[in-house]
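Each of the next two complexes has chain A plus one other chain: chain B in the first, chain C in the second.
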Partner chain A sequence: MAPVNAVMRIIDVPLRRLQKATGIGGMATFFLAPNMLIFGIFVLLPLVINFVYSMTGGTAFFLSERDFIGGEQYSRLFQCQNYLDPMSCQEDAFWTAVGNTFWFVVLQVSLMILTALITALILNRELAARSFWRAVFFFPVLLSPVVVGLIWKWILQRQGLLNFGLYQFGMDPYTWLTDRNWTFAATIGVSLWAHMGFYALIILAGLQAIPKDLYEAAEMDGTKPARVFWRITLPLLAPNLLVVVVLALIKSVQVFDEIYVLTGGGPGTSTLFLTQYIYETGFASALRNPGLAAAASILMGGVLVVLTLIQLGIGKRGENKGKR
Partner chain B sequence: MGEIKLTDVKKSFGALAVLKDIDLHIKDGEFVVFVGPSGCGKSTLLRTIAGLEKVSGGEIAIDGKRVNEVTAADRGLAMVFQSYALYPHMSVRQNLAFGLENSNMPKAEITERINEAARMLEIEAYMDRRPGQLSGGQRQRVAIGRAIVRRPTAFLLDEPLSNLDAELRVSTRAELAALHARLGSTMIYVTHDQVEAMTLAHRIVVMRAGKIEQVGTPLELYNEPANRFVAGFIGAPHMNFLGADVLAVSAGAATLSFSRGYRADLQIGKAKLHVGEKVTVGVRPQHLVVSDDPQHPAVKIYLVEALGSETVVHGDLGGEKVLAVLPGQQKLNAGDTVHFDLSKPVLHVFDDNGLRLFTHPGSGA
Partner chain C sequence: MGKVARFILRRKGGKGWHWTDIFTWVWLVGGLIIMFGPAVWLVFSSLKTPAALAEFPPSILPYVTSQATVEGYDKPLMLYDAKMPDGSTRVLAEVRRIGLVAQMVDPKAPAEIVKVNINDRTPVRTMSFATENYTEPFVHFDFLRYLWNSVFVTVVATVITLVVNSMAAFALSKYEFKGRSLAMLVILATLMVPLSVIMVPLYSIISTLGLFNSLWGVILPTVATPTGVFILRQYMLTIPDELIDAARMDKASEWQIYWRIVLPLTAPALAVLAIFSVVWRWNDFLWPLIVLSRRELYTLQVGLSIYSGELNVQWHFILAMTVVTMIPVVLVFIFLQRFITTGIAGTGLK
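Coming up: the complex of A and B.
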């Protein structure tokens, strides 16, 4: 303990001086400052800069070389004859990406919750080698998105593992990644595979936090398993499920890296999602337009904020009605 | 009806034998308390009766019917859990109704049963609150209410009072006794607190390490403990145990020699003792009486606790710790020496294996 005490004494002196000078409240500011600084530089400032970018035009990267054009980028994004038909819009790629992302989010998030819940329920039972199975389902979460994309590309491509397997069983190979529907399904399947373990883990933690004796009380009363699930497990799992929905939704709207590696948005624009649109518009295309990309990302951020607020509102209401 | 018969019941968790050959016959309407130190298998025994644990051997019968293969729900028993196990997201009313709804009972009857239980337990005022909005004592009542509405053949209660504060525990204890008198159903009650056992039970089952040590009424256990363990467990403060040698034996009497050569003459009745045998003598703290005669064993006092109504004396008798509860307020201090007449109190004499050989009736104070 002696060295610890010595260090403490050294720190003690300046801190006491500081507190005398600033008062207790000032100390809170002092301790929070480093964090606030990092948050300010790496989150808040880019947000503001991004917003400024969305008000400028041209292809130049430096803000000083860009012209202020007000809300023109936004009105360009919304320039449409018919919002349900992307092709009638000036920025048809944006609206295609919005449509793709919408369907992706709806399908992926609902399947995600369903599969994660079922997986967690199974992993929560007394089964042989339970730790092993828990690890197996969590393992893909640890992979880098690029690796995920490459693994599945290697499986699904024309001369990939899947077709090799089909061939072995005497079936015809198929060009999965050039079929619009199969590719879209694959993006959902791959992202489920890659992230499901994470959400299953959150739900599993929630399941294990439910006291065993509630189930025993239900057992004494002869409660049928389905009723136990709907009336006990699910309501008590609600807080965890809410967290899962919020996180899964945000992640799903932002889907990019593993899908970009797997499909590159194709075939055609069938798996072009919002983040990829933003990336390509701002950085990768020949006619890059950072202002338009910034405007699209501000819109996307706005949607995420609204979604999250709605969910937190639902959660709050449930909580007030609920336990404590 | 609620007659429960256990024959040769065994329970193991893997290699760990938690219950060993439990034989017990609980009569209809009886209030039976399982008592024993923590980890002795009381909860496990209760849970095997409930059907929450499968027995590893032996038979459980309810009202003459073997129920080993019968599910917990179909045994007709209700359990009150130590943690209460109330559903936190349901109101009190929903908690009470939940079990009844499983059996497709008509709504009107459910309502009637709930209202009756609510009246009986005086929980009507908070039927629409959730468990989280109730005090510990209120939650406890709801847990009992949830058992009552099922009209079970027997109630199983696992340390139901252990989460209450001391005062509430005493009053709830009395209410439980009254409830039992009113319902007349069999109750099996688990506790590690021998005072609870003594005050509530018709019969107490004393357990140790998965075995039943003795079954009897509270006073039977107090007056005629089968062995040293029961003698030490029942009664507060614990019985004093002193080592002694048998010096001489004659018809119906014996002379024992305690440490430092103190002697006492005991009436041994028909018990058989051998000269030279080593025995343990148990004497309750309340039975010790101070003597003026310096010939009697000397006890050096190291702590005096004056409780007003009585005085608790901690002392040392020839190297062995003794505790005496003396009536009223005694003028004694740490460091004093007192003498205890060992032929006057009731003395329980145990053999080498801890079994009680006989009880010296004493001559009172």
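Coming up: the complex of A and C.
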């Protein structure tokens, strides 16, 4: 620490001068500046530019080299005879991604909440070695998406562990990742595996915040456990659960990395999701179109903003309740 | 032992097994297998030779079929336990196979050829760890370079995050100034802006700044985390203002107050943020994938995903490098799990 302290002392010399010149209030600006500068350049500025981007055409990345074309990118995205049939749309990949993402979100979030709730309820029981069991379910949360994708790619491949398990029961090996439906199911299963522990942990914190005396009172009255669950646990957990649902929705809409590593969006376009569509339209494909990618990302951003506002609204309501 | 079992298996109310008790244990044990199983399988697989990886049905542990060099044959021959007509078993080396019959020789007496039905023999297998899966990617591929890039990005980004976020949190918690609530609102708003929404324009900004194909292009956009500012600000709000006023009386400069008083008192929250930051930056994938297009700049995550697409057949290297990529996070998990779980439960942020 000695060299660090020395550096800090040297930094202090010009900063004392600055403080004399600007006063204490000026120092607040100084402390805030680096963070806000980085925010400004790498978050706010892109956010503003994104709207401009979405109204320009061409393949160039620098704004000065792009032509203004107004809402053409948006009308291209929405150029569609039947929104439920991606093939009737001009940007069929976009609508395929929208459809896939929609079903993914619906299925993944509902299964996620169900399994996370069950896990949290179980971890909230009087268990021996509870922190061990909590760690078991939490473990995959920290793994990198690439690692998660590769672990499951290895398990689901033809000579993989899953086929080995089926073989033990006398069933034939199957190439799971070449079947559209199984691959889609796998993306849901893998993301459940990777993230369920995170949501279970938040729900568990909510469960532990429910006052114990309520349960004691119920027990004294001889209330049945099922009734205790529906009448005490679930109502008191509801605000927490709502936050978890919205949080899961926000994350689920952006699904990308582990699925990209696992399936690459395939077979065909059966696991192509929105973020991958944006990435490939903006960067990867030979016919890249950053303007179109920007327009699609703004549409996705709109969905996320709505979800976040709902989440913040729920959080506010919970706080106000607490104050009263 | 009986006591331990009773403790582990104790039930609600202690009278008989309720269906919820059974369900609990099925869920827990099932969870143990499903959550840990794949990672354990990965580690075992990463120690297998390519030949063992191609086997179906696979063995759980890394076994290889023993081989022996036999006089008169150029290549090493596979060893088998062969059942002889008289009921005894001999270790023989296979020379060639014709239909259902294998021509085999005794490694000690290679002149005489023994014919054995292939159903009467089983391979001699010994456990062997293919450590070359781990060493070769470091020597022959650029994985050492990727490892270094990942470490560099993780460490530098975490240090900058801690400094920049704690300074901002200090300003937002201990000063009254115009625009404070605006700054808070802006930071709050950025919580809503994930990378996937701004990646196209962010890329053009990075290019304009000349940070494309630079590790700094990976680091800088990630360091001003709104989460970090929030965690630290919440914590700093609990530090009494009297402490700061007293320091000002003693002619401490504002920088000294930040550095000597507020930061040390914020240590627990800084530790949580540091752990999160390390895990975030180590695991980052999409942004490095966009910014880094030169091989020597790849981080482990990017390198691994690119290689797994290219070296489709070289699973033995991919698996070993996946384990290497997993190790730091597993260490964090084992030693610092408590911080992370309380951090998530307290803030609801990942």
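Operating definition for what follows: the second predicted complex is superposed on the first by the 266 of 324 C-alpha atoms of A that agree within 3 Å, B and C clash if a C-alpha of one lies under 4 Å from a C-alpha of the other, contacts with A are read in each partner's own complex, and residues count from 1 in each chain.
The working rule: contacts are C-beta pairs under 8 Å (C-beta built on N, C-alpha and C of every residue); 3 or more make two chains touch, one makes a residue touch a chain.
Owing to the predicted nature of the structure, the values given are computational and were not obtained by experimental measurement.
In this superposed model built on chain A, chain B and chain C occupy separate space and fit side by side. In the superposed model, A:201 lies in contact with chain C only, and not with chain B.
In the overlay built on the shared chain, the residue A:155 is in contact with chain C alone; chain B does not reach it.
Of the two partner chains, chain B is the only one touched by A:235; chain C is not. In the superposition on chain A, contact is made by A:224 with chain B only, not with chain C. More residues of chain A lie in contact with C than with the other chain of the pair chain B and chain C. In the superposition on chain A, A:214 makes contact with chain B only, while chain C stays out of contact range.
When the two complexes are overlaid on their common chain A, residue A:143 makes contact with chain C while staying clear of chain B.
Once the two complexes are laid over each other on the shared chain, residue contacts for A:34 go to chain C alone; chain B is not touched. Minimum C-alpha separation, chain B to chain C, in the superposed model: 8 Å. Note for the complex: chain C touches chain A at residues 7-8, 10, 12, 20, 23-24, 27-28, 31-32, 34-39, 41-42, 45, 53-58, 163-165, 167-168, 170-172, 175, 177, 180, 183, 186-188, 190-194, 196-205, 207-208, 220-221, 223-224, 229, 253-256, 258-259, 279, 282-283, 285-286, 290, 301, 304-305, 308-309, 315, 318-319, 322, 325-326, 329-330, 332-333, 337-338, 340-341, 344-346, 348, 350.
Those residues of chain B that touch chain A in the shared complex are 50-52, 71-74, 77-79, 81, 83, 85, 87-89, 98-99, 102-103, 130, 132-133, 146, 150. Chain A contributes residues 211, 213-214, 216-224, 227, 231-232, 235-236, 322-324 to its touches with chain B in the complex.
Touching chain C in their complex are the following residues of chain A: 8, 11-12, 15-16, 19, 24-25, 27-29, 31-32, 34-36, 38-39, 41-47, 49-50, 53, 61-63, 118-119, 122, 125-129, 131, 133-147, 149-155, 158-159, 161, 163-164, 167-168, 173, 193, 197-198, 201-202, 204-205, 225, 243, 247, 254, 256-257, 260-261, 264, 274-275, 278-279, 282-283, 290, 293-294, 297-298, 300-301, 304-305, 308, 312.
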